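Heads up, the next two complexes both have subunit A, just with different partners, subunit B and then subunit C.
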Partner chain A sequence: MKHLPYVLFALWFAALAAVPFLASNYIVKIATFLAMYGALALSWNFIGGYTGYPSFSTAAFFGLGAYSGALLQNAGVWVGFAWLGGAVVVTVFAALLGFAILRMKGHYFAIASIALVEMLMLTASLWSGLTGGGEGLNVKIMPGGPDYIGRVFLYTMLGIMLAAFIATVLVDRSRLGFGLRCIQQNEDAADMVGVDVRRYKTAAFALSAVFCGAVGAAYASWVAYISPSDSFSILLTLKVPVMVLLGGPGTVFGPIIGSAAFVLMEETIWARFLDYHQAILGLVIVLLIFFLPGGLLKLFSGRRAS
Partner chain B sequence: MSAPLLQIDGLSKNFGGVQAVRNVSFKLDEGEIVGLIGPNGAGKTTLINLVTGVLQASGGTVRYRGEDVTGQRPFQAARRGLARTFQIVQPFPGMSVLENVVAGALFAGAAGSRAEAEAAAMAHLEFAGLAEQARRPAESLTLPSRKRLELAKSLAMKPRVLLLDEVNAGLNTAEIDHALGLIRSIAARGITIIIVEHLMKVVLSLSQRILVLHHGELISAGRAEEVVNDPAVVEAYLGSKFAERQKKMAAAASS
Partner chain C sequence: MEYAQVIANGLMLGAIYACIAVGFSLVWGVLNVINMMHGSFIILGGYLTFFAWLHLKINPFVALVPVAAVLFALGYLIQYTLINRVVSRPVLTTLTLTFGLDMILYNFMNLGFTATPRRVLLDLGRLDLGGVILPLDRVVAMFLALALTGILFVVMRTSRTGRAIVAVRMDRDAAALMGIRVNRVYAITFGIGALMAGACGALVSVVFPITTSVTGLFLGKAFVICVIGGLGSVPGALVGGIALGLIESLAGYFFGPQSAILAGFLIMLILLVVRPTGLIGKKGYE
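So, the complex of A and B:
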């Protein structure tokens, strides 16, 4: 019974991996989005779920990863290394800025984390010599037919999601994870009990950045064109936390369940109500706050939902 | 003679124009139980906060086992062996009682593994009389139990010095007696204790020495009977009625 969630996750992973052999390219694209949002949600969970810091920096990490990866690739770096480079740049960025903004708590931290997104978007728009400014940036198109490319990016995103998942399992069982939960529960008490809160929070913020950076860089290669408004999207920065809250924050499986439920809803229902898309997102947020503060996972087990 | 366990020299703290702690100096030897008393707002909790790194001193030094630890942060104090309880209890509400204590054992008590930390935590919970509640969420505990949880948590940190900030506030007489028993057996383990307390009965029955703070200044320090008869202390804190009662009791005891 204890292993059941892991078995279900393995089945879900295998199902996504099998999609190219069973379904059309359109479905492959949806599977890629499922993996991509799964990775982003798992990332946010480190800082927003375990540590309880309401971060809206997802788009900052994603966009910075996209631009770093694209620029490296355009400079002639092999695509795999470019993605890795994107992840490294974003992690260093998060560790340095995290140290500064993680001194703030609650609403102040939330606003500072949104400011990171805006700051990077302005930089990308204004530094046209490097980034192409508002006109955007073309990224080398990968050689190969659409079927092949579709598979490459599906497996890339699945790989990042798996890495983020493994990192989550490891953190969940480690001292770091326990310390982060202490911080989420009562930061002053955590400090008094011997948790080095600044270092732990910075580690959580960096963990929440690394996979976002990789996803962003891979995304840039996938779509082959990035622009500031597309890469540093406020909608993305809001969507990802909602996914985690929907699934169950501070849990191993919540982000996977939440992101899957959200993306599937988006594809099946909201796509039919394009005009009301964002209104429905707002409604979901309100319903979540009122009826499901512990997320969908809490419906199945009352355990460890905060 | 070896250096005192804790040595405070000229410690001060200003909040804007208010001097909450002024030029306080005292020493603490290994194994002592020292009472810290004074009227509300005298700076007792501020002093505890300065010693444990929650607040940074405006002046003066804190030396612990011969080492200058004045600028330390709370987690460093905890790892060095300076544990404290809070006047307003600070549990991790959503975690189980056991996990609360495990946190102390794991992060400050130098437990090597989670299993080791849990074993140690269970022993401390049994000591504090909370073993049966180990699996319950900390937020479900009553106030007396929460106070005992604070004690168990700070013991799990393997402290050398335990600073107890009003562990008895809000407890009834029976509960206080129970807490007194716990504090005595903690002291019997050789842990040095500073106890902040308003109930003179508790202070007098426990402390070997008493420090009295008033308006942030140390106005008296010494053995219990000296301090309670000190006119400055009677004036500032105890009141003359208490002094008379104390004298009568002393007379009755000697006759």
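So, the complex of A and C:
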């Protein structure tokens, strides 16, 4: 019984991996999005779920990863290394910056993390010599035809999601995870009993960045064109925390459940009401906060307990 | 002379910025809620003013009063029925809730008004002060913005409601024990925040084109001003607003208009790290 969630996750992973052999390219694209948002949600969970810091910098990491990956690739670096490079750049950026902004708490941290997205977007559109400015940046299209490319990116995103998942499981069971939970409950008390608060928070922030960077870089190669407003999207920076809140923050499986539920809802329901897309998303958020404060996962476990 | 012009522009901009931020700062300081709807409230106020001017031929500076009243009612309702229920939960919850509400409001504004930029054209002529050119509509907007900010300051200082708001801000529980209905004070505070946004939107519609796509821009400015000036007090918003107006004006003059926004955010981020209480802010006390 204890292993059931892991079995379910393995089945879910296998199902996504089997999609190219069973379904059309459109479904492959949805499966890729499921894996991509799964990875992003797992990433945010480190800082937002375990540590309880209201971070809205997902899009900053994603966009920075996209630009770093694209620029490396355009400079002639092999695709795989370009993705890795994107992840490394973003992680270093997050670790350095985390040292400064993780001193803030609550609203101040939230605002600083949103400002990060805005600042990177402005930088990307101003620095046109490097990034192509507002016109965006073209990335070499991968050779091999749509079927092949579809598969490559599905498996890449699945790989990143799996890595993020394994990292989550490891953190969840380690001292780091314990320390982060302590910080979430009461940071001062955690500091008192000897948790190295600063280092732990920085680690959580960097962990929340590394996979976003990889996803961003892979995304840039996938769509072969990136622009500042696309890469540093405020909508993305909100969507990902909402997915985790939907699933259950601070848990191993919550982000996967939440992102899957969110993406499937988006594809099946909202796609039919394009004019009201944002309003429906807003409504989902409002309902979520009032009626599902602990996420879907809590709904199930709560039932089991009673 | 060119510098005088740049500074004059900065001051005119700054007065309007102060007015933009003061309601946002009030809500943040008293309710501990970041109102992500603030930008949309401003634009909604701008649209209402624009349509009153276009269809009913009402002068925008007159339309300001009913527009502000409408926004107050809207804000009061939203706080009383929705946000009050989660007001003491963590930042993530309240911020996400107002973000969600903003998406709904934004979506309907976009459908109802379309994204076409609109602007009230008053053409009052201009003032020439020894080479410094001041368009009169901007000057009027500046003085009205300062007047509104001043009125809010006086109301907060002298009226019963204002004192109740300050009391709740200082200590919610003690205020409740003194017989202040905290939930009502919260709703009024949020209403005042929306009222200031709406009034400001009326002024903005005279100076800038109104379109739904700039809601985020105004919200960003409100953030920056609050952090620069310090949170939750009227003087803080005034100092922050004028500072940002001058910074943007100067940065725009030296580095081009795009850099102006970046400069604002950069200064905010630095201030957040080195002096989170803002230039004249004191922690948790008005």
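Note that in this section the second predicted complex is superposed on the first by the 301 of 306 C-alpha atoms of A that agree within 3 Å, B and C clash if a C-alpha of one lies under 4 Å from a C-alpha of the other, contacts with A are read in each partner's own complex, and residues count from 1 in each chain.
Heads up, the rule we're going with is that a contact is a pair of C-beta atoms (placed from the backbone, for glycine too) under 8 Å apart; a residue touches a chain by one contact, two chains touch by 3 or more.
As the structure is a prediction and not an experimental result, all values here were calculated from the model.
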First (subunit B), second (subunit C), both or neither: which does A:Leu236 touch? neither
First, second, both or neither for A:Ala189, with subunit B first and subunit C second: first
Could you figure out whether subunit B or subunit C reaches more residues of subunit A? C
Quick check on the superposed pair: does A:Ala110 touch subunit B, subunit C, both, or neither? Answer first, second, both or neither. second
Using the superposition on chain A described above, determine whether A:Val252 touches subunit B (first), subunit C (second), both, or neither. neither
Could you say whether A:Leu102 touches subunit B, subunit C, both of them, or neither, answering first, second, both or neither? neither
So which positions on subunit A get touched by both subunit B and subunit C? none
Under the stated contact criterion, what part of subunit A meets subunit C in this complex? 48, 52, 54, 100-101, 103-104, 106-108, 110-112, 114-116, 118-119, 122-123, 125-126, 234, 238, 241-242, 245, 275-279, 281-286, 289-290, 293
Looking at the complex, which residues from subunit B come into contact with subunit A? 52, 54, 73-75, 78-79, 83-84, 86, 90-95, 99, 102-104, 106-109, 114, 153, 157
Please name which positions on subunit A make contact with subunit B in the complex. 175, 178-179, 181-182, 185-186, 188-197, 304, 306
For the complex, which residues does subunit C have touching subunit A? 28, 32, 34, 82, 85-86, 89-93, 95-97, 99-108, 110-111, 216, 220, 223-224, 227, 258-259, 261-262, 265-266, 268-269, 272-273, 276
